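This report concerns only the one structure given below.
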Amino acid sequence: MAENAIVRADGRSFDQLRPVTIERGWSAQAEGSALISFGGTKVLCTASFTNGVPRWLTGKGKGWVTAEYAMLPRATNSRNDRESVKGRIGGRTHEISRLIGRALRAVVDTKALGENTIVIDCDVLQADGGTRTAAITGAYVALADAIEWGREKKFIGKNSTPLIDSVSAISVGIIDGVPMLDLPYVEDVRAETDMNIVVTGRGLFVEVQGTAEGAPFDKRELDALLELGVKGCAELREHQIAALEA
Amino acid sequence: MAENAIVRADGRSFDQLRPVTIERGWSAQAEGSALISFGGTKVLCTASFTNGVPRWLTGKGKGWVTAEYAMLPRATNSRNDRESVKGRIGGRTHEISRLIGRALRAVVDTKALGENTIVIDCDVLQADGGTRTAAITGAYVALADAIEWGREKKFIGKNSTPLIDSVSAISVGIIDGVPMLDLPYVEDVRAETDMNIVVTGRGLFVEVQGTAEGAPFDKRELDALLELGVKGCAELREHQIAALEA
Amino acid sequence: MAENAIVRADGRSFDQLRPVTIERGWSAQAEGSALISFGGTKVLCTASFTNGVPRWLTGKGKGWVTAEYAMLPRATNSRNDRESVKGRIGGRTHEISRLIGRALRAVVDTKALGENTIVIDCDVLQADGGTRTAAITGAYVALADAIEWGREKKFIGKNSTPLIDSVSAISVGIIDGVPMLDLPYVEDVRAETDMNIVVTGRGLFVEVQGTAEGAPFDKRELDALLELGVKGCAELREHQIAALEA
Amino acid sequence: MAENAIVRADGRSFDQLRPVTIERGWSAQAEGSALISFGGTKVLCTASFTNGVPRWLTGKGKGWVTAEYAMLPRATNSRNDRESVKGRIGGRTHEISRLIGRALRAVVDTKALGENTIVIDCDVLQADGGTRTAAITGAYVALADAIEWGREKKFIGKNSTPLIDSVSAISVGIIDGVPMLDLPYVEDVRAETDMNIVVTGRGLFVEVQGTAEGAPFDKRELDALLELGVKGCAELREHQIAALEA
Amino acid sequence: MAENAIVRADGRSFDQLRPVTIERGWSAQAEGSALISFGGTKVLCTASFTNGVPRWLTGKGKGWVTAEYAMLPRATNSRNDRESVKGRIGGRTHEISRLIGRALRAVVDTKALGENTIVIDCDVLQADGGTRTAAITGAYVALADAIEWGREKKFIGKNSTPLIDSVSAISVGIIDGVPMLDLPYVEDVRAETDMNIVVTGRGLFVEVQGTAEGAPFDKRELDALLELGVKGCAELREHQIAALEA
Amino acid sequence: MAENAIVRADGRSFDQLRPVTIERGWSAQAEGSALISFGGTKVLCTASFTNGVPRWLTGKGKGWVTAEYAMLPRATNSRNDRESVKGRIGGRTHEISRLIGRALRAVVDTKALGENTIVIDCDVLQADGGTRTAAITGAYVALADAIEWGREKKFIGKNSTPLIDSVSAISVGIIDGVPMLDLPYVEDVRAETDMNIVVTGRGLFVEVQGTAEGAPFDKRELDALLELGVKGCAELREHQIAALEA
């Protein structure tokens, strides 16, 4: 089937993002924050800046950026038990928290950050596919503001530039043999192959995580997915710029 | 000092609520939901309706209503570790979850609800004092919509009226000897006595929880606080009606 | 029904306490201790005095008093699993531990206590209603002895008076429309409204926790309950004095 | 040094037990109970009888007896954190619980018990050495009464004899080269070798657990310890008989 | 620097695997097992076959394959605390367990497997980089034998072919700008980009997980890494065949 | 039945060990290691040497030796859930870890060890009875090598002799009334009495742990078991010497 002939359930073309909104500064408490939405997916990202670093990093003249991801129990169509009630964090949560942290550290010069710590919390208020990619994209905005806050408070030197690039992320997948951009939940569950791509503002890859949920994929399919993902991330980059300039 | 002469930091009089907003139906996923704000305090309340009851209640012809309260890590001025990461729920969280559940059950006829379960999640997105009272007040709106949903889905009989009253809650306290209504964080930490009052739409008490944080209090002070609280809850009742009629 | 006409299952009048015993110094190990009974409810209260304070309080010239409440697995009519085996402390346990700690701190001048910590353990050996109020009442006796021990050991200055008042607690409730004092288990489960009242030796309120288990209550009922509770606490005060003077 | 010349700190001879008391039926709630003391060691033993067995034993026509041991936080000279607060049970607690359970099962004919479960809780209220042996000795009394209760309630057949023997336990140790019976805490910490011996009423061994805390021991020393232990258990047997006949 | 000119610390060329050994049937207990080594990395893989499936899958006529990965505390150069002692599984462990499970399920026809469950345990006995890829490669051998066992026991139908392909995995990375195959620990820590590739016997991708540890990477580098990985997996496929035919 | 007439399922006589192998230095990572087998039981023992001691021992001029025991999930005939997944360590694991630690400390002069810590990990790769005794026997070899390593690294003084004796362990039991040495799983489950004996190279007892699983035992049986155990440990001592001299 020709890609161009596809009409998706929500009317988008195969290479089109869902509507993106970024409410920068949503939180009155955090040093940086953004409420980001990719269609029905809504993630509240807050950045907490603290002076000092964890003990294992003390005295090395470097800062630390880390992230925690979580989902409200009724973010999804049916309610999930809270991980705090279960007393343990699930594998999926751990995996996504680690992914977000790596993605952000890839665009931070920790020496320029100085001995400061930024913790990014990404809490999914409503989930409709692509929560980890929305989280990374929104987290970058919160991170940028927290760094700016640190600069104003003189925790970061005037001539230091901790942010060396921007970063955004998007999901892509193959459905009925056709590569698609930005999968909502209904498409995600049907995808034969699911891929999350994290790309810097300069267009370089930070993470490429492709998984054959249904059928293994070949190099040609992989290339098509990467191309779509790079295109999507470039568009998200524009949304980030618009939010940060607002 | 005469009560009327008091001017609070945010310009309110001693018996005035902070601005209240209730965004009913905030969540596209839950059977009932409300994003409620008392000034800077914002709580997302979702109600999850499921057919059936926990095993210990099976076959008794009665439904079940319960609640869970939690706070996002950066809802407050400085970041708190997640309870899911700590692997255990703190005493304060437990206490508030139980309070919300009791408050809601006080206005539900569980026989009329039938063998259905409603779980209310109250997640504090931003905290500035009074989170438990905002949670109860918003939870009632989410609960009302979830019950309506159950009726439409025929899980609840046409002639059944599970909601026998409404319920709202407010905090009151004594600061520098003066009873005050609806304390934000800066007042809460200064209060000699802190009280949370849960009142039905008919003006009856469901919960009265007064604690001497600083100095023990006498009967006259207790009466003054109760009077303020009843007044505040009556005003919140109007906000609930307005939201549910919107 | 006239209150005076009521005869309770155990033959008491509506405003009568169950038999109270306080075995001061029950433990040979603790700095202060009391085995208290309110009828069939028996609570072992021990006070552990240690020099120094938790890290977050160090250097402020103030002491710390805290409490932990627990129940033996077969204190009740049927056996409950141990919280240590379940690996987590339940909400009820947390809530009561916090209540006891607040009640005791309300009568302690932590500056006069100096940088010393007193941990009160209240372990319910047998439960028949009112365990939290018996715990507070017995804990005061253990606390008083631990403070005396600290004074003898010179951890507390000769002229310091850390105990600024005494404190006791009692449960009250409305059963079949009649307010009653000191509910045993069989009455507790039938109560429409259940209230725990913590009162100082001077007759001031430290905590007032009223909950409508069955039907919401009005101001007149609340006042009747408060009056009964104050009366009961005054009688408990006499038992405390007798124990401490023995 | 000749054994007979030894005078122990508490005035006992090397082969003498500390004063033993057994308050049978201490608990008004449990089906069987005993508050046992070996000198300053006090253990509350309760036996909870329930009809039915754990799932893994269902349908085999056999009953189940198990035990849980724990210590109150201030049973000892300095306070220990609660295992419920730590969220995990320590190795020592596990080990002793398992020992008590095995000791009791050694004298129970589980077929004669029928599909019933008896859980023995041994809570150390005050600790001064030998807590596990006091627990076993007191648990037997609680167990005997719980079995009698089951017989009265007809859960156990009239002609069934689940108790095939009695069981008691004592600690022995070598101090300064001299074997001693029933070590209090001050002796226990000084013992080169520490042994716990569990013996049936007929004088057979159920458990022999000897540990060289200081110096390894030879066969002659082992024999001397066993002889002392058998003697001590025989005396404890008399105390058990007296308590059960009271 | 030309790839061909590179000499690695262990003398390998850039596209050469470390010595691979597969001891099939290492465990006398499991239905399938393999002790696999990639150089100094040694992983014991066991497959446990049980009749029946988890409750959530019951009655769907499909089987289940899952995996758990863990590392002995002293598998690495310095000792790590046990996850059982810490009481929680780390994010890395979760992530790798999930990866192994997905990789194996990609080559299993769960309908053909019938309602049977196979749990693969991959325990790293010694770690020197590439533990997750060795685990996947060895797990396939254990899985194949467990399926054969199930067929012999008639749990799997004679004409069913649950294994639809083979699967192996290898790590690749960019070090000093040069793509390299199969990184030992010393290379892994220096890699700018690290990628794990899971490939079927037919040469299709199951997982592609590339992470920029140091510098983001471009499409050309990604392609070079993929090519190396496919080559390595093909060679591992030969080792698997040899082991299974032995 | 005469002992000499017994033929065991594996053809051994009543007083014969299973084949013993000790692969010293199995791990390339640990300071000392041994893969020991007693018939089908295989335990990997590694010793981790670190300079310094736990905080509670600091400054006392003494070292510390401790041990942790664990079993791979499929070491046994059917798979057991991982303790890391269950989030808690079982009583049996705790008990055996403590036993191994005590056994090793009995032959170590901690003053001569200096302020160094040795952690012994005993991981059962395959289980067929006697895992704790194989663990102790192998752990001694790993310990001896770790101490030698510490001496070479000058963490231990040239003239210090931390190892004051050797130690080995074996299980014995009574089956059908006949005492037997070194029980494999099939015998272990049938044993009326089960005993683990830990003996030093000089033939002194470190631990004697006898348990009546079926019928209580008398002094004559105990003596027969001890004699068998001492004989078995002496033979294991020869295997240890051979391994350490290899």
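First chain written, first letter: the chains are A, B, C, D, E and F, and each begins at residue 1.
Simple rule for what comes next: a residue touches a chain if its C-beta (ideal position, glycine included) is under 8 Å from a C-beta of that chain, and two chains touch if they have at least 3 such contacts.
The structure displayed is predicted, hence computed values, not measured ones.
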A correct list of chains touching both subunit B and subunit E reads A
What's the call on subunit E versus subunit F, same or different interface residues, using the half cut on shared numbers?
same
Using C-alpha centroids, which chain lies at the maximum separation from subunit A?
D
Distance between the CA centroids of subunit D and subunit E (whole Å) is 51
Please report how many Å separate the Cα centroid of subunit A from that of subunit B, as a whole number.
33
Whole-Å distance, C-alpha centre of subunit B to that of subunit C, is 28
Among subunit C residues, those touching two or more other chains are 87-89
Line, ring, star, complete or other: which describes how these chains touch one another?
ring
Sequence of chains encountered when the ring is traversed from subunit A in the direction of subunit B
A, B, C, D, F, E
Interfacial residue positions of subunit D with respect to subunit C in the complex:
27-30, 33, 40, 44, 46, 48, 50, 68, 70, 72-79, 82-89, 93, 119, 121, 123, 125-127
Give every residue of subunit D touching subunit F within the complex, in rising order.
88-92, 94-95, 97-98, 102, 106, 165, 195, 200, 202, 204-212, 215-219, 222, 226
